[in-house]
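Just below sit the structures, each encoded as structure tokens.
One chain, chain A, appears in both complexes that follow, with chain B as partner in the first and chain C in the second.
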Partner chain A sequence: MSIRLEGLAKLYDGHPVVSDFSLELPAGELCVLLGPSGSGKSTVLRIIAGLLAADRGRVFLHGRDVSELPPQARGAGFVFQSYALFRGMTVAENVGFALAVRGVARAERRHRVEELLERVGLAGLGKRLPRQLSGGQQQRVALARALAHRPEVLLLDEPFGALDARIRTELRRSLREIQRELGIATLFVTHDQEEAFALGDRIAVMALGRLVEVGPPRELYLRPQTEFVATFLGAANLLVGEATEQGVRIGPVDFPLEHRGESEPARRRVQVLFRPEDVALLGEQEAGALPVLGTGTVESCSFAGAFEHLRLRLPPFVGVRAIAPPVPFGAGAFAVVASRPPHEARKLPLAPGDPVRVAVRRLHALAHPGLQFLLLAEPSAEGLEAVAFAGELARRTHARLAVILAGLDEATARERLGRGLGELTFRPARGGAVAAVPEAARLTGPDLVIAGAPAGRGTPLAESLLASGDHHLLVVRGPRPLPARVLVCAAVGEPGKEDVAFTGRLVRHLGAGVTVLTVLPESSPAVARAQAERFLQASARTLEPLGVATETRLGLGATEEEILAALAGGHDLLVLGVPLPKGAGEVALDGIAGRLVSRTGDAPLLVVRSFEESP
Partner chain B sequence: MGARRRRGPLPGFGLSLGFTLSYLGALVLLPFAALVLRAASLTPARFWELVSAPRAVAAFQLSFGAALAAAAVNLLFGLLVAWVLERYRFPGRRLVDGLVDLPFALPTAVAGIALTALYDERGWIGAALAPLGIQVAYTRLGVAVALVFIGLPFVVRTVQPVLRDLEPALEEAAASLGAARWQTVRRVVLPELLPAAGTGVVLALARGLGEYGSVIFIAGNLPGLTEIAPLLIMIRLEEYDIAGATAIAATFLAASLLLLFAVNLLSWRQGRKAAVG
Partner chain C sequence: MSRELSPPAPPRWRNPRAEPAAVRWVLVALALAFLAFFLLLPLGVVFARGLEKGLAAYRAAVSEPYALAAVRLTLQVAALVVPANLLFGLAAAWAVTRFEFRGKNLLVTLIDAPFSVSPVIAGLLFVLLFGAQGLFGPWLMERGVRILFSLPGIALVTAFVTMPLVARQLIPLMQAQGSDEEQAALTLGATPWQMFLRVSLPKVRWGLLYGVVLCNARAMGEFGAVSVVSGHIRGKTNTLPLHVEILYNEYQFQAAFAVATLLALLGLTTLAAQALLDWQARRRGGAGPGRA
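Moving on, here comes the complex of A and B:
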């Protein structure tokens, strides 16, 4: 491996800009680090070059641990967006700088400089001053300068960001050629996906300081794992459908799916992606073998060289939620973007307002369904804490957040939630805070409802919130940071698997550790103990591939006391599995669960609903 | 068709240039012209006699020598102070930053008296230096000390903004290319600062040449030994020797102009050379 990064983390003023970032680059690879502005990609690059010290994690270049070395000793070539050429020096002196400071003899220096200038296409311009060159030429000088000392790795920080499109394309081609010839491992930072596709052997997508996905451009485009990558790379139609035995149901149509992503028991919803070019448009009479989504109308169409781009409007389907392209809330329809080549456009000319049947050629199910949170925002002290907690949680888990404003105005809620949230919608509570939840839950289909309740008195609220849909519930009871150590109290068997699986989906973004606890009566037979041990091991095997550090513990004794003792031992989120019937309906938290709700102080409590076996 | 004269986008060029030139002419050039005219009324032989008198030559030597030495010291310390103020964060930084301007604000006579009190044999510093055989007050060294004091802000204030705006990427680039810290400072940072530092030195030098108030207190003013040229001109005027005063003044003016020009040229060249290394 030419570059190996292990668990890099960096905080600025207590805010994480890079968290748990690991990546490996084999020799000769050009990897593009792609992400929106502020996602921490430049920070990663600067950490590799030694221009910035990481708070955690290690950097290996060619197997050598350089984490503690100064930039001078790392042997990395760095190209800056601003070129950072030395103004007072000529082009040749700039390029020869790295050799001059190493005391290389003048003649050898001149020879190497000429060779480098020729390579970047600037032969004969060595005597000029940087300001006498164009921007593109200046960046070529910077590239040559960064290569002079034969660095082991090349790092480029948005190098073509300040240049116009034509020069960018030229420079990209030169860079790619030079990089291939030298066979030097290269990490290229950009926010421009066209650039990423054009250059990268692989693309690593970053968001909010984390590595979201990494893979060859084609793979990331066709088979993204996450909602973020699906919508960030290229145009996307992203819907949430109902999972069926064979595949996924969207409206009236059953789509078969080849592979179903992570196996999750009782997974009810599945996110599916189809690209604009996967949409087939059919005339009203036209027959076809493709599954038809429905009949819509053309909203707009535009011509862009090789393709015609269309936006279509379809009537809503029950149980289907659109994520992309976004439609205004309450539009009562969903939109599909499509593109088609000219020969298809000639066969079936379409203008805005025309009816058209929409079929889908290819459908991809995302492995990791995005999370949807529903937040009950109330002005009470615990309510406000819940808002802040939900904001932080949604930010870290890339979850979509719908907020019910129950006595809290939108500006205050926004301020408490903080910035950097992906998708955020607000709706007023009509007819009381809790009464607004079932309606909102039906519309948004949340995975998790978040609400605040005073310590020791949350049971009735929890019961009514759990009764309003088939979501899980997070109760925030005081000012707490995001959890660092999570205690999962799981019953052995199928219901416990859901507790562990959902905890994993949530916690994998937080960098928190998990303790899975199962409690058996002291008098349990050896068979039961062995079964519990197997369950705990399976839990660890489920969580660890998600990057969640997992401990397991088998408690023997009174369930309640064992849980309370474990919680007191430094855990800051309690996950309780509660078997409940599927769908909305009366919920009574009696027994252990109810008593734990009132006995667990002000640590946040996550109630994970596991479904009772349907008859 | 007569071609219309092309105009720049900014209006009022004629008016503003006219104003600038008349302003400069009335306030700066006119007094100089009067001075030169006065001096020109002397015969060359008489002019030379006045200017080459030992007392005058000694005054010239002291004025130029002390001003140059002070400017050199200020270049060094000015760069250092500017570096410390811009690159480090320490408690009281703002206070120190404000103190730099003090020599600007203080009436020069006050500065002179304060320095004399300090460096006099009975003063705090003077008393400490006396056992080492170093006498500051009433010597040529004292003149230089006074000029260092009043000239310090010039270099600091010209270098500071340049240092503040210096792109961090330049130093990072140098580091990633393998330059040690001192190499980065010498080859990358200093060349960027030198033009500004040069300007500061020229300003400090100009101020040092013309300085009068603070120097006459600490210098002791022994003719031919610690008497500066501006003071000699004053003395000549007080003796109603207008011709003597103008001759010395005109020579002083010409020499100052030459010197400032030369220093400007040097700093410009040096900036270029240091970058190339």
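Moving on, here comes the complex of A and C:
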């Protein structure tokens, strides 16, 4: 292995930017590290080069552990996005720098510099200053400079990010040629998926500091295992359907699946992906062997050279949740993106507003259906109730469950959880129950953390659990069956959307009904009331297509009292939307939320965090 | 009678962002008048008065032993102060732009402090520290070390008042340039010392020289602070500005102005050096250093 990374982790100001990152690159491979900005990919690269120290983990270059070595002893070639050429030196001096600091004789240096400049297509420009060259030429100099000392590995940090499209393509080609010729293991960081496809032998996708998936570009595009990769690489239609014997059912139609992934029989929900080019558009009378999803209308179409891109709107199917493309809140429909080559477009010309039948050529099922829970299993009475509740909830929602064993042994936990759980992992709690949550949350990325707390005394626990990550929180306070009637107390507008949307994701599997409640002061002006009414209607339109029976209620008066009155009227799960900053950090449940936590008896309580920007 | 129809005049487009010509002329004239009144006129007067009794008198005034001693002392002070502030400026700018540490903002503010303190107060501060009744004065006196009324004292106060000049030049420059080049040098195998000499120093060379030029000018011209600590001993602790003042107070106007021309010439040389550096830096691309 040319590069081996083992469990790298890096914190900035206590926030993890890279967690548990491991990757291996064989000799001669070009691997692209792809991820949205802020996903920690440049940090990984700098750790390999020795420009940053990792907090945990080891770096091996050609089998040698270099974790403790300074950058100059690691012998990696590094290319920066800013080129980072030495501005006062000529091109030749730049390229020869690594040799000069090593004391290589002048004649030999000149020979090597000329050879390198020729290789990157800059022969004869050695006497120029960097600023007399174009951006593309400067980056060629940077590449030649990084190769001068014959490094064992080459690291490139978004090297073509500042260049225009045509020059990028050119540079990509020369980089690929040079890299093949030298057979040097190369790690290339970019956020541009087109670049990743064009360059990579393999692509490693990163998100939130973690490695999500790694594989050949084709494999990742056609058969991603995770929702993130499915939606990040290329345009995607991603739906949650119902698993059947032969394949998957979406609304009224059964689709065969070419490849079921590693599906387990217990699983009944399945995320399916079809790419825009997998969509076939048929005229109203046209017959075909392909399974037809339904008849929709064309919402927009645009021309993009070799393809026509369309966005279609289909009526909602009961029980089918759309993940991508995102549907506007309260739209009561779902959207499909399609693309087709010109000869198909000529056969069936379409304009916005036209009806069209939507068929699907190929479907791919993702490895897991989406929800991930993290359970804090404690031996207290409420803790044991939480374990049972979580088991039941995970079974019904087909969620993956990670359990932190805090004083409870695995056998007891398994017994309380019950059978028929999809994916179940256990981890011991080191250094206290609550203290173990942040790390487990970092590693598993849960949607929801579940914990038990005695009635009326859950606030501090709730605060520290919410502070440890990005997740929502379910507090179980007594022996309760799964809820049948859920009360969602939602704020109006953007923050409220996440309250309703997450409740829908969870509750749709339980067959429970939902009441969405919004409380306004009695003195509210008519405008505010009208806005709240619109929000409530949109909430119903969002929930009902998921098969969730929805009631809405606009309360006028004191928020706390209205909520308590509604809860007393036969609801058995309270959902509280709390606006919290994204990411881990200090949380204070003061005001109404805090008082409600202590005044709501032993009913389970779901705290949904809504972020400043909607996720 | 028929009248020739003249073709329509082409529309006259005015740059919408440019002020009318009248405004421009008034502003330029104002600036020039100001400059003439406050700079050119006094400068002219200094030279005219210095030369009013002819070249021989001028030469006598500037080559008189006390004047020469003042020149020597001034140059000595500059030779001590400029390198000291060069080192301090580099170290401070490096620390501020490369490291994160507690009290960084305080350091940046404190670097500027000598500019906001009156030079006379600065001089008094040193008297309080090193004077006969001062904090360290008696202790130093016992050991025969003399700070006040001698070269060390003058150099110390001058260093104090000129302290911000180099650092102030370097900090924004180094902030703008970032540390990518340094990081590149490290990945290419340079030792930290090689990185500093071959990459960091050349990068800020022009800014550094500019700071040195300013520092030098101020070090030679400083009056207030030096006046407090020097003791005005002719031939011993008089710098050029102090010497000018003494001559003036003794009604030797021609001699005073003749010596003043020396200071003025120093200032003009500095100005020229500054302009040259500016021009050089622009020619080499931004604030870039020249070829090694």
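Methods note: the second predicted complex is superposed on the first by the 365 of 615 C-alpha atoms of A that agree within 3 Å, B and C clash if a C-alpha of one lies under 4 Å from a C-alpha of the other, contacts with A are read in each partner's own complex, and residues count from 1 in each chain.
Everything that follows uses one rule, which is that a residue touches a chain if its C-beta (ideal position, glycine included) is under 8 Å from a C-beta of that chain, and two chains touch if they have at least 3 such contacts.
Bear in mind the structure is a predicted one, so any value in this text is a computation, not a measurement.
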Quiz item: Aligned on chain A, chain B and chain C: do they clash or fit?
Solution: clash
Quiz item: Touching A:131, do we find chain B (first), chain C (second), both, or neither?
Solution: second
Exercise. Look at A:149 in the shared chain and tell me whether it touches chain B only, chain C only, both, or neither; answer first, second, both or neither.
Key: both
Exercise. Could you say whether A:70 touches chain B, chain C, both of them, or neither, answering first, second, both or neither?
Key: both
Practice problem: Once the two structures are superposed, pull the chain A residues common to the chain B and chain C interfaces. | Solution: 49-51, 70-72, 74, 76-78, 80, 82, 84, 86-90, 93, 97-98, 100-102, 142, 145-146, 148-149
Quiz prompt | For the chain A and chain B complex, residues of the former touching the latter | solution = 49-51, 70-72, 74, 76-78, 80, 82, 84, 86-90, 93, 97-98, 100-102, 142, 145-146, 148-149
Self-check item: chain A-touching residues of chain C, taken from the complex the two chains share
Solution: 178, 180-181, 183-191, 194, 198-199, 202-203, 205, 284-286, 288-292
Self-check item: Residue numbers on chain B that touch chain A, as the complex places them
Solution: 167, 169-170, 172-180, 183, 187-188, 191-192, 271-272, 274-277
Quiz item: For chain A, which residues are in contact with chain C within the complex?
Solution: 49-51, 70-72, 74-78, 80, 82, 84-90, 93, 97-98, 100-102, 129, 131, 142, 145-146, 148-149
